[in-house]
Amino acid sequence: MHESFQPVDAALVPRFAGVATFMRLPLVASAEGLDIALYGVPWDGGTTNRAGARHGPREVRNQSSLVRRVHHVSGTEPFSLARVADIGDLSVNPIDLKDGLARIEAGVAAIAAAGAIPLGIGGDHLVTLPVLRAVARARPVGLIHFDAHSDTNDTYFGDNRYTHGTPFRRAVEEGLIDPRRTVQIGIRGSIYDPAEHDWARAQGMRVVYMEEFVARGPLEIMAEARRIVGDAPTYVSFDIDSIDPSMAPGTGTPEIGGFSTREAQQMVRLLDGVAIVGADVVEVAPPFDVAGLTALAGATMAFELLCVIARSLAARRRAGGLPGEP
Amino acid sequence: MHESFQPVDAALVPRFAGVATFMRLPLVASAEGLDIALYGVPWDGGTTNRAGARHGPREVRNQSSLVRRVHHVSGTEPFSLARVADIGDLSVNPIDLKDGLARIEAGVAAIAAAGAIPLGIGGDHLVTLPVLRAVARARPVGLIHFDAHSDTNDTYFGDNRYTHGTPFRRAVEEGLIDPRRTVQIGIRGSIYDPAEHDWARAQGMRVVYMEEFVARGPLEIMAEARRIVGDAPTYVSFDIDSIDPSMAPGTGTPEIGGFSTREAQQMVRLLDGVAIVGADVVEVAPPFDVAGLTALAGATMAFELLCVIARSLAARRRAGGLPGEP
Amino acid sequence: MHESFQPVDAALVPRFAGVATFMRLPLVASAEGLDIALYGVPWDGGTTNRAGARHGPREVRNQSSLVRRVHHVSGTEPFSLARVADIGDLSVNPIDLKDGLARIEAGVAAIAAAGAIPLGIGGDHLVTLPVLRAVARARPVGLIHFDAHSDTNDTYFGDNRYTHGTPFRRAVEEGLIDPRRTVQIGIRGSIYDPAEHDWARAQGMRVVYMEEFVARGPLEIMAEARRIVGDAPTYVSFDIDSIDPSMAPGTGTPEIGGFSTREAQQMVRLLDGVAIVGADVVEVAPPFDVAGLTALAGATMAFELLCVIARSLAARRRAGGLPGEP
Amino acid sequence: MHESFQPVDAALVPRFAGVATFMRLPLVASAEGLDIALYGVPWDGGTTNRAGARHGPREVRNQSSLVRRVHHVSGTEPFSLARVADIGDLSVNPIDLKDGLARIEAGVAAIAAAGAIPLGIGGDHLVTLPVLRAVARARPVGLIHFDAHSDTNDTYFGDNRYTHGTPFRRAVEEGLIDPRRTVQIGIRGSIYDPAEHDWARAQGMRVVYMEEFVARGPLEIMAEARRIVGDAPTYVSFDIDSIDPSMAPGTGTPEIGGFSTREAQQMVRLLDGVAIVGADVVEVAPPFDVAGLTALAGATMAFELLCVIARSLAARRRAGGLPGEP
Amino acid sequence: MHESFQPVDAALVPRFAGVATFMRLPLVASAEGLDIALYGVPWDGGTTNRAGARHGPREVRNQSSLVRRVHHVSGTEPFSLARVADIGDLSVNPIDLKDGLARIEAGVAAIAAAGAIPLGIGGDHLVTLPVLRAVARARPVGLIHFDAHSDTNDTYFGDNRYTHGTPFRRAVEEGLIDPRRTVQIGIRGSIYDPAEHDWARAQGMRVVYMEEFVARGPLEIMAEARRIVGDAPTYVSFDIDSIDPSMAPGTGTPEIGGFSTREAQQMVRLLDGVAIVGADVVEVAPPFDVAGLTALAGATMAFELLCVIARSLAARRRAGGLPGEP
Amino acid sequence: MHESFQPVDAALVPRFAGVATFMRLPLVASAEGLDIALYGVPWDGGTTNRAGARHGPREVRNQSSLVRRVHHVSGTEPFSLARVADIGDLSVNPIDLKDGLARIEAGVAAIAAAGAIPLGIGGDHLVTLPVLRAVARARPVGLIHFDAHSDTNDTYFGDNRYTHGTPFRRAVEEGLIDPRRTVQIGIRGSIYDPAEHDWARAQGMRVVYMEEFVARGPLEIMAEARRIVGDAPTYVSFDIDSIDPSMAPGTGTPEIGGFSTREAQQMVRLLDGVAIVGADVVEVAPPFDVAGLTALAGATMAFELLCVIARSLAARRRAGGLPGEP
């Protein structure tokens, strides 16, 4: 047990008490000395429709007071397996997109330099691009991407190349993700063009529509996803709009017919064993939320991710390092 | 492509910009020259409990800004297959029920006279009665009816025969729908009388309880529904309260245990090939909605209906007219 | 038919009219002469996090105006099978926990003394402890318990033994429930300690995690539940947080990944034939509710419970009493 | 003290406990034996825009649990001065306007026949017309009318003469109110026609715009109002939209720039001594309310009215009857 | 009367019917042929804290259905005095600040080129900068500015010079407003630096704190404001956050202690006679609004501004042009 | 300037970024080294009706991100005048009233022992009793008390002596406040008993009804209040329900007709020079709040209090200590 990195105990201090940090963990100044760094990215500069994800980290922190220490199914105790803390929010810029991206990249680069795995709470999905720039500097990573949207469009509003609808096109172009080790799950909703997902598929990305997910089920889909990413370093990006709007209304681009939270939890648990080098939960937009449902879903999905990352880390330690890493 | 009847492109003009029309389509003065007319019926004069569906069209228009041009599963491009526009709201009367019904019938009759298929956004379910009077003047039509309630009661509050609980009894009595070509899907919730659905069944209507739907699944139920209506002209009425209240809280008579939006979408897609002569989405009541969920569900279901109607229309054109029509 | 204990007819008096009582039943002064007494417990003195269940009875009454007379699947007419009325709220004490528990026990004891089966609307889950003290005075009862949480913790905030996280541990210790005739269904969410549910299991309680429920399905789980409680007197406690937060957001301790209302209804219907000696629906917390969803779910689940109780009572009458009762 | 007509004591039974009646008073079957009858009119059949006032009585009952027994300024104890109870809601018809008006008139006529002063909670403002038909059968009454709107239009949507925008024109035409003994206070907001208020003024009605009220103040305005109605029988109608939308958002036709609740309370207190033969609080529309603010304002204004009515009644008793009455 | 530019009549078509345009006016393609052009600017790219004003125009349109044709106090009939229409929303860019500013300037320049007075609905307050660039090209204008904030800061987040906290500093620097003909009214709330307003005052701007307004009253303050701007061309900018958050909660930077809507209306009415060359209502942020209160306040203030502009225009016509204009 | 105790600068770090502390101040472990300690009391164990104030500190922290460094009227820079920080929340017990009171007293005693002035954010009003026990151990203090309620009742629900309706009776009985140096301002709303405030007055407390406040105005009332408390040590307690429910809806016991925030700010500013030994803002109940209005009002009132305390402290330093203190 890492005595100094334990959540506040709700049987001693009520959940509503105290300044809200992620999962009631200690708030520390940097990722130094951590295995996993929980950080916020209060930024939605890439949002093309309904902004609000800038407020995501604070409300996810608030609702995450409901999270406890141990995973009831796997028995994972992430705070015993790894040193985990809340390092606060990255520096951002709400009115300058380019500067915003640069600040986020720098923030995550510092986490990576400290040797910690970054687990971020967005923020809109464009956030994942600078995160990948920091995490995948050395080589492209695999990507498991839960989302209602492929986010592989090219430009918006003229020739603007950086929006929350374009990060994964940019990430492929910049060599940050390996498209043949990329899988997108939960894609649905009307599209602009019949060829909208052709680019992604042409790069070798696997696009799993919601309808295929419903037909084949989470076990089969996740088995395929794990085959796709293999044992090499992989990033996991969870867009909260992959979940149904009834369960996650507080998001910028809702699409009906989404995952149930039960399905989402099951899928993330099936990531067990994947060599996760970073992960995020994005697009929680509190101004559109009701009753904190979306922030609670985001906080719980972050806990699910934390558990598989902590297990992976512990396994890696036992095994002597991550395949493909020095 | 019908250049003049295309939605505004969200990659050029943000979704939140501009006056809200259905699916960001052009707003035109009448159905002349259209294949499919999207129209609103801001009227809830038949509502026996919680009014508010009068505000439905405006909020469905608002949320429908999230709809795009192409169906991601079927690849249908409804705005290329057919000339579609928003013709605004029909004239209504909020304080005189009989006059209200007459105005609605006249409005839809004008759409039909223009040769367009009416796709309406209610409004409470009594709206469907005058719509059927306009659409089924020549002969009874088949009916596929998604709803939590059978809406085949006889009278309310004395001998009042026209409420949103009675339209389909009246429609049978008036010879507007053929009860043997009628199927109601999703019926559930406590009832007034053990014999409440006997009248419907005695007429030959097929009443599918939610429990039967859960047991048999959408594929089997919709196969039966298609057998029931056959190839002859058929009207489709989608009451938003067929969907679960968590996904569509903004409605007058919610019943727990409803369809998921995923199931609803799947069922409407399975209408492909049905000879739809008109359709509606009713009972979206914004004053009871949260976060626009119900209006978004209504807008998306309208898009799903639009896609099958446009395909049917295109197929009909290729085949040289609708079976049973001159 | 018990003419004097019938709900107001919504086809005569609109649902929004009149003072709200449970299911629009007569409000009576006591349980005398009743077979089943619907009562409220406006008390949340055991709540460790978000209070508000004290307001539950009033809002459940309000939303229960949507309930009708007959169960559409089983055809049960509870108000014909049994004399049922709303006896109002029990006396409570919002600022003295011990006095609160004593008042609740006394209130339910009076119901039991009148020979009526108590069907309570909470209130937080600690309410069930004094209810069991009243109902299970003579002998331990079986328990079917739907909940996201096991509620078998020992103490909170020092050595406080009475919170809504401890009632079933206390009930076992006090000999009110037979742990080998107890089943908990729907348990999920992160826990404090890997051994959190060991105490319950060590007593012989059957703890069904949500994940097992998803894997095996409601039919199999409820068959097991019925085997566990057998034919002897059984109490049914339905914590609304067993239902998913999207369908029941208004509760103190939401956990994502819960039952759908469809599943919850199916399970309660499968209680048919169980010798129910009392039941409750707890943890509806209106200050956290949206659009009355949770209160509506609570009211409908109470109606589902009422139907199985009324049927059980009718069957018992025909059979000449309850097994194990004089 | 009328022992049997006292509110539940909140120092014994918490405010959130029990079935909600007006001011926690006993619920009785009729006005027989009462001095003042509190009744609800759950009806909004005259509403031309946003319906919802049908839900007013229930929510006003709910919020009125916050009202206590004694007026803190005047020291009035209305429940000691008079026998007051909640007689429930009048029979209404949500889908037949004419029948609705007839039922309301009959309901209030029964109250009047029992010798009680009717104090009603609406319902939309058209409700006041049938109330006046019952209360002013014998002779026209004076009227003190607080409202943002004059409600003296002629017709809507063709030649419909009965809407919540026309009751006081009808009341003058039917000889129910004496226009020279009528004062309207708080009128404001844009109008349809420069001559909109000319008809009212031509009849002799005094129309006090909000701007005049602001300039002259409540003391002066109410002194004039009392001069206008004099000592003869007078009805008081309080439209909640006279209050500013920030303090009473839950209403159908909000107009910014309204009374503060402080001003409204002060004005009603200055009615002391007026020979009030009936009063109402109308247009509380809960579906548009936030946090119960409007229902709380409605409940408190009803208490203020109750206090002046009870004092007037007590004074009248001492004086031997009402001037102008037999 | 300009027959072709009249609002829909609510006595014929209910307020909730039809596509929502500003004040139910005709929607036209451009400002050609108009005297006053109502336009939306769905853009909040300058917002430093809570975004959402991009959604302002649509919701102000929605709530403006409550506005009628005639000002009840002044009797002004703006739609008879001037040709007024809704020209839709300007082109914007939600993710590129500089491009956004350029598009807005171009849009308003087109209005000005058509000879119409622009009356804009924002959008955040940075919008006023490009508007002034279009309106004040020829010469600096006077400014009457209602706001909680001076918006004369220099930079944010590094050296970013364009945010909604800086427009009026930029406008002075660019020679768009004459600081000695500028008055800011309603300024309040904690500040960053004791010298925060020194720059504004040093330029000659008159800064009226809320406290001074309370002490001196609207009549005196507005008399001074009119003296300051004199007879020369003047722009009026109304930030909705000048109004108290209880009456206008839906805004990005609320400050308690604001204007009542009554005061705001009175002040705008006192602009009568000012040579207004353009005006706006900004910072309505619907995601933070409750019950449409802020959008309703915004719509009503826009109507108040429209009335004084239309009167000014009519007077100018009679007098033969605007002082200082060719 | 106390460099280490400065708020985060919003021109560098956006307001929505970072973990929320009071006024974005540093979060420190104890009051050691502070002049003024901002602390939270997440506890509502004394609440007799609507609980929720336990969530107050967290939401006040959240909204207090909108507070800046300098008072715009007085120019006070509290963070330069004094060392101020957020010391987090006191330890509480949500289910044991007596233990809760003891923990709060101990927490504030530690602040006092560190030589800091406690400025607390509640929590319900019973919180003030243990605070006074800590602050007024040595001698009774004066009290300036803003509230809708006198909170001097004796018992509730039997003989329970500790609720949020009784703290000031207990404080007098325990010799914690000097009743002749106590003034209550803003008292209003219906009462239980005509003699309800007699006890307070009999002790020598000055009870200022809202009506007297309206008649005499804030300047006169506060002049009297300052005469009453004189120069000796005084505690200031600000119940948010003294403010009107439209401006502070999120509270347990709202009463219409309250202070405007403008009036409340003015009154607190007039405390300048009072020898404040502690202060609190209580009864902010977020579950009943809308749009954060109440939390924002609470945060701003806390800043107003902070400014007068910091000035008083600075003056006291210059003068060489507090009158009556060693």
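Going in written order, the chains are labelled A, B, C, D, E and F, and every chain counts its residues from 1.
By definition in this document, a residue touches a chain if its C-beta (ideal position, glycine included) is under 8 Å from a C-beta of that chain, and two chains touch if they have at least 3 such contacts.
Worth saying up front: this structure is predicted, and the values here are computed from it rather than measured.
J.: Show me the overlap between the contact partners of subunit D and those of subunit F.
T.: C, E
J.: Chains touching subunit B and subunit F alike, please list them.
T.: Common contact partners of subunit B and subunit F, which must touch each of the two, are A, C, D, E.
J.: If you average the Cα atoms per chain, which one ends up farthest from subunit A?
T.: So the farthest one, by centre of C-alpha atoms, is D.
J.: Are the interface residues of subunit B and subunit C largely the same numbers on each copy, more than half shared, or largely different?
T.: Different, since under half the interface numbering is common to both chains.
J.: Does C-D or A-C have more contacting C-beta pairs?
T.: It is A-C, judged by the count of C-beta pairs in contact.
J.: For subunit C and subunit E, let me know how many angstrom lie between their CA-based centres, rounded off.
T.: Between these chains, centre-to-centre, one finds 56 Å.
J.: With chain centres taken as the means of their Cα atoms, state the distance from subunit D to subunit E in Å.
T.: Here subunit D and subunit E have centroids separated by 38 Å.
J.: Which subunit F residues sit where two or more other chains touch them?
T.: In subunit F, residues 14, 16, 48-50, 54-55, 94, 156-157, 244, 246-247, 288, 290 touch at least two other chains, as defined above.
J.: Can you list every touching chain pair?
T.: Once each pair is checked, the touching ones are A-B, A-C, A-E, A-F, B-C, B-D, B-E, C-D, C-F, D-E, D-F, E-F.
J.: For a test of understanding, state which residues of subunit A touch subunit E in their complex under the given definition.
T.: Where subunit A meets subunit E, its residues are 44-52, 54-55, 93-97, 99, 156-158, 160, 162-163, 287-288.
J.: If we count contacts the way the header does, which residues on subunit E are in touch with subunit F in the complex?
T.: Against subunit F, subunit E makes touches at 48-50, 153, 155-157, 187-194, 196-197, 209-211, 214, 244-247, 249-250, 253-258, 288-290.
J.: For the complex, which residues does subunit F have touching subunit E?
T.: Contact set of subunit F toward subunit E: 9-12, 14-16, 66-73, 75, 77, 244, 246-247, 260-262, 265-266, 290-291, 293, 296-297, 300, 303.
J.: Across the complex, what residues on subunit C touch subunit D?
T.: That would be residues 13-14, 16-21, 27, 40, 42, 54-55, 57-58, 61-62, 86, 88-89, 91-92, 94 of subunit C.
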